[in-house]
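In the two complexes below, chain A is the common chain; its partner is chain B in one and chain C in the other.
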Partner chain A sequence: MTNREPVAANSALPRGATIEVDPLRRNQRPASDRFEPLVEIQHLTVEYGVGAVAVSGFDLTIGRGEIVGIVGESGSGKSTLAYAVMRLLREPAHIREGRILYYQGDSATELLAVERDQLRALRWSELAIVFQSAMNALNPVMTLHAQIDDVLRAHDRTLTRTSRRERGEELFKLVGIPLDRLRAYPHELSGGMRQRALIAIALALKPNLLIMDEPTTALDVVTQRQILDELLRLRAELGFSMMFVTHDLALIMDIADRIVVMYAGRAVEAGGPEDLLRDPRHPYTIGLLNSFPTVSGPKRRLTGIPGFPPNIAELPQGCAFHPRCDRALDVCRQQVPTFTVEEGSNRGVRCWLHGASTTLGAEASVAEEQCEPAKLARNQGSDMDRGRSSGP
Partner chain B sequence: MVYLLRRTVFYVLTAIIALSINFFIPRLMPGNPIDSLLARFSGRVTPRTLASLNALFGLQHHEGLWGQYFAYWRALLHGNLGISFTYFPTAVSHVIGASLPWTLVLVGLCTVLSFIVGTAVGCIVGWKPGSFLDNLLPLTTFFSSIPYFWLGLIALFVFSGLLHWLPVSGAYDSSVSIGWTWSFIASALDHAILPAATLVISTISFWLLRMRNMMVTTLGEDYILLAEAKGLSRMRIMAMYGARNAILPNIASFAMALGFVVTGSILLEVVFSYPGIGFVLYQAVSNEDYPLMQGIFLVVTLVVLLANFLADFCYILLDPRARDEA
Partner chain C sequence: MDNPQEVAGPPLLDVVNVSKRFVVRGSRQSVTWRRHLTAVDGVSFSLRAGEITALVGESGSGKSTVARMLSRLETPSGGYVNLHGERVRFGVPGGRRAYLRQVQLIFQDPFASLNPVHTVRYHLERPLRVHQHLRSQQDVERGVAALLEEVHLTPPSRFIDCYPHQLSGGQRQRVAIARALAVGPKVVLADEPVSMLDVSIRLGVLNLLAQLVEERGLALMYITHDIASARYFAATTHVMYSGQLIESGPSEDVTQSPRHPYTQLLLESSPDPTRSRKRIPLSALEVAHGNIGTGCRFQPRCPYAMPRCAEEASPRQAVGGTHWAACWLLAPVPADGQ
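Right after this comes the complex of A and B.
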């Protein structure tokens, strides 16, 4: 069961799991970086079976203590991406290409290359995941305490029963669940409580990265808000990073330090929430923003986006969004635009309307190779003024 | 607790109704057991014998149906089930007492064994669907699709008839006396091998297939994925997250299967001439032995109700969700 997703055998990547980070390369990072890198996803490509590419050449760096929102419609590959980072993909999904580096001190671990035992040790103690439906994610025949207890025991055999119980109580206090609920079974809790319990379990081993796969989608708006506030407080307190996958752009704008908009397995736009709200560039982002009302601000027509997300097995040629785009050019129908990062900022967009070069030619593909990796990590303090502390 | 109490009351009521039906049905049938008994003695019965037989079987006509009904209950509560015709003049309770243990031990143990082995193998096969272990499935399905009495006949033909490895009939060698002696136990085991093997082989696939399929379904659940993400060991995930949930629907079926231990064995015991309750029931039916039939139906009713109660209890024990609905 564990580790079912095969990493392509013919991958040209180095197989060694631990990689020394070139100190020079680290020093090259601009001093303005707010966050030290924690996880670096490089050119990740996930395929379902043969030919259905769910995530395509995806690059993303998540900083320590940073909240990165991944936004997209159903089928955009955002959940696949989240599962890939945890190496939880199941057949027929498999990782065709790419690396995921997890930084610990001066070395980095290649998550896709680690052996099963090392993976088991890394899971939960370094990376934890919170699923969308807590009802389904909790084992119905075990008490909540037993579900915290077993992960504590699995990772540290020296813990005594008492210390494990204390840790369970501590975690429940942390997420605001009455302590007597530790003895409860999942079905005895309300939906919001269950989601909190799931978060408590995720925090059991103080992970550095919390992957949230639509953790609040199944909840009512009030509970959603409470849990998001709780998460921000916990992030400030514990300093973990979050990769927050959601389809709700309005929600993620409220909490993320940086947002990546995904479409058909690719990042189409990235930037701070303010930037995206004030100055969305990709027609898809603009469409998303026009799909929901703002509470404050002027009244405007909600337009939505015409058409449907494409079938990942039969992506249109060129930019995958062009059939739904009212501003599509000829070049959009022929060639996938590169992800172009604005110099000295964390903004990037994959659109011929905003590319540095809109001419067909060799430079375009060369540019794609060169300018994608890691630039996304360059996050400037554009949202420092939002008054949220962000860990270390 | 309240739930269990409620269930208990329900089962007691069911038992009372079932036992009443058990009383009325034979009496709604035409004829009279004494007539069939007389037929067997072919006229060599004096009127005085007839009267005493009537008294013995509680068939004095002046008592009326209701009188008989209450007499039936009185007798039942005293453990008096009447006299068997087939084994005349042995009491029905004695006939059942002598045959029931054979069935309970043979069929009961086989049902338990079949369930445990089938579930364990099903759990392992379901853990890795599509692996080479899946090849077991057609084989077990083949054996379960063969009627088991036919399988029994073939087994008898090969192992007893041709090879003379195992005895043809009975539960023990008539030359050894019943008791806790090695020779008796060895003889009983020798006689039990064929019927036991036939029964286990023909029923194991049911449990195996069910457990495998439930396991496959369960493995698709988010909580399995979460358990994996938690970095738990494979054994822990398979047992506490997989099997622990997958087994729930099977527990109820298992308790029901235990309820049918008594009746399910008729063909098997007839084929192997095994002196269990099924064999006795077969004799009773062929001889129109109403008191014996009634006695056996009583046992069957009680066992089925008990098994149902056991199923309820196990479910409450194993599934916290059932506990709260209760």
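Right after this comes the complex of A and C.
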């Protein structure tokens, strides 16, 4: 087990320093230009009960200050993935395989192996999550201030009441909620305000990774746009990374540095938003791009995707997308293609039409090559595997 | 979905000046209070056979209240409705049922609108018996199968004995559509019919609705917060803000040359990776809806607000053809050049 450094020491975030940035510019990662990994997911496989594999052999490295979008339909495993990183999965979900490394300086922590106390310290101060339904995620009988106060007090006993209140006010200012709303109960706020409050609570301890699980799905477009602009501004100011889980490809293309498209538990395509827009390769990505209407320019022909998303408990043999794919080959019905990464780029695709190799079992080797943990503590049979659930 | 049909025929359903006021009660420190909240304020529009009309607005704009009033789940506080050119009288015996035989609502959430303890068969049989007066089991069975085929749940035998939880969201919404059709309506009100569905499924359901409009000559009201889908799917688009219609016209005109500042804000906010984005003015920050008096309701958020806007709301200003917007910016300049 690696020794974790005190939280305060590694927070290199410029406190109070306001940086004038244009939130609309893409790819403006603060801090260094060098890609510095923050979280590395290695060959993660999550199964519900027996046989329902929600996430299968998933690899992803999120860099510091990077916004990675995870796009998929319901049942694609995108939320399961987010919950796995936060260690929020409950029975019958269990992690069958894989590692999630969290890098702090030179050391790496295996998130799936850490013990309860350590997990408690990591959550919220290092990794925070914003849930989809703000109404359900907030406590209806506590004022917003009490909820922020709760987080601050639980993680830092030394804070005085006054400093906690000041921090609460600072956070509300940060996400654009009027300060008089601090004393409000969740039901007294609009959906947009509630979602902002959740983001404020998530940012309370200045986490390095913010996981957003469909944070704006329940909101209308104007509010959604404001919150996204706000998030981009906060990211530029505070330098956190984001894993943004959504079903809305059009939305994520506006804000992500890199996008992973998931289908039936597997990454089927990855790349920058421009790459995916100009040159989508996987037929599923192409289908998604041909599914949403545009507000500007000439009307496009919308073809959509025929059929229905598969049930993960009874996935078809071979590529899970083949029953809905109009370009399916014979091999697609028999073998799952490998995820082929293009040399020297962050583009990758899992499709027989795009250079997947035909060797059986090659899939696992891709993950193997990428594993290069620095100083890694691994503990077989973590509490997750034993089914113990731990509260935040 | 590519070619919304052009305007055809006289209006089937005419909505005239419909309003809804809710009474809000509350108490603070043993002092009770009550006030009125005007959710819908003098809304008029018409629906035509074989045509899709979109009603676009953000949450809280009153668009769902309009649908609920037209399907008589709420009683309007003011205004009336003409069906086939005749004013609908709900007071007379059987009036409500006769109206609902013509006007049906599809709800947003197919997870909530189907009864979880009943099968697809039950959901479709009931309206066939109650409204279509089918008696023999054989007729009913045939009717259910035809409905399932019409919404592309084929083969019907695979779906007929399913419970809602055995179906996917898209399949459930198709059952909900079939249930509305079972009554044999002329007007269908679809309240956010695809917003709960996956992106790849939405298009299929919208295309199905468009096909039904064409084949059955339905008048469809498509209520949505997604103005981009209104552009592709509806011939006419009405934009609603805070209980009032603020702009309407042919969908392409409204979405490509929006004239009301709110419509412009709505379009700029819509995600669209194929264009570069403009910065949205901060003044557009959300403001609670309430009673804003006589002025324009968008005025507190409007970047172009003038003193006049706070005093009185603009009437409909025509901007060419059937396209209009309620904004003083579009008012003709008085002759003295002021």
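In this text, the second predicted complex is superposed on the first by the 318 of 392 C-alpha atoms of A that agree within 3 Å, B and C clash if a C-alpha of one lies under 4 Å from a C-alpha of the other, contacts with A are read in each partner's own complex, and residues count from 1 in each chain.
The rule is simple: contacts are C-beta pairs under 8 Å (C-beta built on N, C-alpha and C of every residue); 3 or more make two chains touch, one makes a residue touch a chain.
It should be emphasised that the depicted structure is a prediction, and the values quoted were computed from it without experimental measurement.
S.K.: Quick check for you: in the superposed arrangement, does A:253 touch first (chain B), second (chain C), both or neither?
M.R.: second
S.K.: Touch test for A:304: chain B only (first), chain C only (second), both, or neither?
M.R.: second
S.K.: On chain A, which partner touches more residues: chain B or chain C?
M.R.: Touching more residues of chain A than the other partner does is C.
S.K.: Identify the partner contact of A:229: answer first if only chain B is touched, second if only chain C is, both if each is, neither if none is.
M.R.: After superposition on chain A, A:229 lies in contact with chain C alone.
S.K.: So, does A:336 touch the first partner chain B, the second partner chain C, both, or neither?
M.R.: Touch partners of A:336: none, neither chain B nor chain C.
S.K.: Classify the contacts of A:176 with the two partner chains as first (chain B alone), second (chain C alone), both, or neither.
M.R.: In the superposition, A:176 touches chain C alone.
S.K.: Could you tell me if A:141 is touching chain B, chain C, both of them or neither one (first, second, both, neither)?
M.R.: After superposing on A, A:141 lies in contact with chain B but is clear of chain C.
S.K.: Considering only the touch criterion stated at the top, classify A:86 as touching first (chain B), second (chain C), both, or neither.
M.R.: first
S.K.: Quick check on the complex: what are the chain C residues that touch chain A?
M.R.: Residues of chain C touching chain A: 1-2, 58-60, 168-171, 198-204, 207, 225-229, 231-233, 255-256, 265-275, 277, 279-280, 284-286, 288.
S.K.: In the complex of these two chains, what residues of chain A are touching chain C?
M.R.: Per the touch definition, chain A meets chain C at residues 24, 73-74, 176, 190-193, 219-226, 229, 247-251, 253-254, 273, 277, 287-288, 291-297, 299, 301-306, 308-309.
S.K.: Going by the contact rule set out above, which residues of chain A touch chain B in the complex?
M.R.: 1-2, 86, 88, 90, 119-125, 128-129, 131, 133, 136-142, 150-151, 154-155, 185, 187-188, 201
S.K.: Within the complex, which stretch of chain B touches chain A?
M.R.: 127-128, 219, 221-234, 236-238, 240-241, 244-245, 248, 318-321, 324
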